[in-house]
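Each structure below is given as structure tokens.
Shared chain: chain A. Partners: chain B in the first complex, chain C in the second.
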Partner chain A sequence: MKQLWKEIRKSKLAVTGLLVVSILILTAALGPFFLHYDPYAIDLDLVIRHPYGPKSPSVDHPLGTDDLGRDLLSRIVYGSRVSLQVGILAMLIATCIGVTLGMLAGYFGGWLDLIITWLTDTAFAFPAALLAIAVMAIVPNPDIFWIFLVLGLIGWAGIARVVRGKVLSVKEEEYTQSARALGAGHIRIMIYHILPNCMAPIMVSATINIAGNILTEAWLSFLGLGAQPPTPSWGLMVTEGQAYLATHYWMCLFPGLAIAITVLGWNLLGDGLRDALDPRLKDV
Partner chain B sequence: MSILLDVQHLKKYFPVRKGLFSRIGGFVKAVDDVSFSVGRGETLGLVGESGCGKTTIGRCILRLIEPSSGSIFFSGKDLMSLSNPDLRHTRRDIQIIFQDPYASLNPRMTIGAIIEEGLVIHGVGRRAERKARVADLMRQVGLQESASRRFPHEFSGGQRQRIGIARALALNPKLVVCDEPVSALDVSVQAQVINLLHELQDEFGLTYLFIAHDLSVVRHFSDRVAVMYLGKIMELAPASKLYSAPLHPYTRALLSAVPVPVPNRKTKRILLEGDVPTPLDPPAGCRFHTRCPVGKNELICRESEPEFREYGQGHFCACHFSVIS
Partner chain C sequence: MSAYLVRRIIGVIPTVLGIATIIFFLMYLIPGDPVRVILGQHGDAETRLRITREMGLDQPIIVQYGYFLKNLATGDLGTSYRNNQKVADILLDRMPATLLLAITSVLLSVCLGMLCGIFAAVRQNKIGDVLIMILSLIGISTPVFWLGLLLILIFASKGFDGSPVLFGILPVSGYGEPGLDRLRHLILPALSLSAVSIGYIARMTRSSILEVIRQDYIRTAAAKGLPYSRIILKHALRNALIPVITIVGLNFAGLLGGAVATETVFSWPGIGKVVVDAIRQLDGPVVVGGVMLLAFVFVIVNLIVDITYSVIDPRIRLERD
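Up next, the complex of A and B:
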């Protein structure tokens, strides 16, 4: 762990990524305690009596309000919870499936490997967007819960492929061979010898997977296939601001920026981890 | 001396696949009909150039690689016919020390856990007993007990090899396959590790199959030595005989390459021409004839494979000209 931190510190990009992600997590965890406005509170005065449209950023509302008078800062802060939840939960689902399948394929090889590789290739070839849209269109009440599931069921293929490759090499390492010589069973070898030595690529793909999940959730919600109003989802907020894009730019701009910065942060962290963990790239 | 390990007609062919549909295009004959035996408490040295199949033999004996054919008897049991649970049980008695101490220790496990693993797998003793055994082993191989909580990357090559030895000895094996245990180490450290292996042999009555590519290392360590070339044993003899009166031209060439620590002494190097032929398509007749200083132009060497015959007192050799030369 100490070593990892040392390696991460060497790369400015990785540090930036880590910083952005840390701030994001802190915001999601603690942000709501510092907010003055309920993200769901509609300003009736603004909507009914004085239909002037969204309020522009001011001291009162630092990022302005939307067309219903809801404080954008509050909604973006609450939105970070939604996007983190989706990103991390879907990543966990994808990682569990991907690691299990990749491990089985790489370790046992043979027909099992053939079937799993075939499944992985199919999952890759299948347009993920289409699957997401199809599922969200079919389920009775599209909700954030379905997004976890869909994203998790889409995202495993990449992780499975990475894990399979790594297992293939770790399996041939002499320490794995020596465990076999000691009489260790398959399960013991997989858990004690192979999995710990595959952690590096798993961590990297999981981090990058989070970035992908957040982005996909954003555009699914943008298309109305993800989070439903009045959930403060960033993608949904961009949709709501679309109509006002020309005149009240902040309704689109700030949630959009939030998406961009978050995704960038996770990607930077993922790349930084890759550089830190991959010994082949070390000291280049 | 009773026989502990008896290898009969061991063959390992690795299929080479090529083309779009992975047709088997041929076989690399890594080990091609090898027979030998090792007596209880004996050390058999196995020497040969890189790629001659010596490591493959070691791994076949542990069944880390499945042999293509042949049989391996260990204390009278046929290892090839063992079912998986029996095999795992038998593995207690046969252990291996690997060549590269940097690759053979799991970087994510502590030294204590690495040495203890065999005991855990075979359910030996309770936790406290196992810890005591690990401490014992570490002392025996010359490591400090405090090292047990540290990780492999904190140790030098020689120390790591000692850890590897401790792991191999944890289960009180009868046979230890030493797969070039010192060739990755500095010369000064080599001597230490060799001496350690010697002491342990005396103490525990171990039997070694000592694989190496360095004749001078094997000389001081082995009771008998087998010389391999391209998947076959060329000569097998008691160590003193092999070094003083080698019968096979290949053995003589190898011996002439061993540096002698006497200044100004001119030794006649027998230089072999060319490279080792590919094991994918070994030469017909005697496999060595393409490079042999004796039989290069002899018809018999090109056409018939020499028999592996005994020339008295356990000295075996596979060469048509071994009597004459």
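Up next, the complex of A and C:
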């Protein structure tokens, strides 16, 4: 862990990413305690207020209000909880499936490897975004729960492939063989000897997976296939602002900016981790 | 070569079958009553039964699955719940618009992406390189639909009084008349759709060239005194191309998904727009048919990508033969 921190500190990318991601997590965790407005509170006296500026000199609503008079800052801060939840939960599902399948395929080889590799290749050939649309269109009440389930069940292929490759090389290492010679069982070898050595690529894949999940959630919610009103989901907020684009741009601008910054942060962290953990790519 | 082609084409069948199977069972497993969607709240028990029979919904699941596959093989995607039109006809009608948008975006992203990537690789770690890499990361991280709205706001929006918000020189949405007008309508959707791919392709081109540039044959070429531009464009680029093509293929899925959002934002009358409209109208067959068609296009594109590899790099074809 100490070693990891040392490597991360060397890369400007990783540090920037880590900073953005930390701020986001802090915002999601603590932000709501500092807000004056309920993100669901409708106030028809305050419909579509300008952000803080010459037209409405008030610090009350620094990002303005939406068409129902709800404070945009509050909604965006609460929205960070929604997007983090989806991003991380879906990542956990995908990582569990991916790591398990990748380990089994790489460790045991043979027909199991053939089947899992075929499965992975098929999942890769599958346009995941389209499948997500199909599923979300079919489920009776699309909401956040379905989104992270669907994203989790779709996103494992990349992780499985990376883990399989890594296991193939690790299982021939001397420490694995000595564990085997000492009589350790398959499961013990996989968990205690192989898994720790696969952590680097798993962490990189998982981080980038989170970025993708957040983007897909925003996109599904934008199409009306994800979070439902009045949930403060960023994608949904962009849809709600779409009708007011020409006259009240901030309803679209700020939620979208929040998505872009969040995804950028996770991508930066993922890239930085890869540079830090994979020495082969360092000079490239 | 022909043996390789045949094997690759046959290899596509299980993938397509897998996609169809998953979508069919999803439809079956997840609750929802199509007869109710067609009839709405009305309809007596008799009509209900008749329609259930006509649609074959009273058959066991395995029989339904068989019919589904058989219809699929003959290109029959069912009938729309809403207006009794053939789904295949609806989709074919919209196909040209989606293809126009997708192909323009692919061309745009390949040209711009590779250009940026080569430029960044040549000026590694200089200001231009850093700038391009940051920009491409931003491109990758920006949601397509939001970028589309931003572009509309900047280049198309007009206020209530008709005066432009910023520039207001391009149409806000729609398909336009054939010719120059179509082109004007195409600019913003194509730009917003290709932003993500431009980012990915630029990054991949850069790292791929940087990897190749360290090889011996490049040093040889340089030692022979060939001009730098020739070394990069002829010797390095050709060998750096394979990972770039992979990214183009993989990105195509994102592009098709993005097309759904872009077409919605810009009211572009393609398949993505039809699918989203159908979702809002609970028109199941159109949604499933549209998704199947886009998935099929994706599989075909990846097949073409795989074949392109073997043309560029004969080793791939020989390895498996």
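Operating definition for what follows: the second predicted complex is superposed on the first by the 267 of 284 C-alpha atoms of A that agree within 3 Å, B and C clash if a C-alpha of one lies under 4 Å from a C-alpha of the other, contacts with A are read in each partner's own complex, and residues count from 1 in each chain.
Here, contacts are C-beta pairs under 8 Å (C-beta built on N, C-alpha and C of every residue); 3 or more make two chains touch, one makes a residue touch a chain.
Just so we're clear, the structure is a prediction, and the values are computed from it rather than from any experiment.
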Touching partner for A:Y175 - first (chain B), second (chain C), both, neither: first
Chain B versus chain C as contact partner of A:A129, first or second or both or neither: second
First (chain B), second (chain C), both or neither touched by A:G185: first
Dominant toucher of chain A (residue count), chain B or chain C: C
Partner chain(s) touched by A:W5 [first = chain B, second = chain C, both, neither]: neither
Touched partner set for A:F145, first chain B, second chain C, both or neither: neither
Which superposed partner A:Y40 touches (first chain B, second chain C, both, neither): neither
Interface residues, chain B side, partner chain A - complex: 59, 62, 64, 88-89, 91-92, 94-96, 98-100, 103-109, 117-118, 121-122, 164, 167, 171
List of chain A residues in touch with chain C within their complex: 122, 124-131, 133-135, 137-140, 211, 215, 218-219, 222-225, 235, 238, 242, 245-247, 249, 252-253, 256, 259-261, 263-264, 267-268, 271, 281, 284
Sites on chain C touched by chain A in the complex: 14-15, 18-19, 22-23, 26-27, 30-32, 137-138, 140-146, 149-150, 152-153, 157-160, 165, 207, 210-211, 250, 253-254, 256-258, 260-261, 264-265, 275-276, 279-280, 284, 287-288, 291, 294-295, 298-299, 302
Interface residues, chain A side, partner chain B - complex: 173-185, 188, 192-193, 196-197
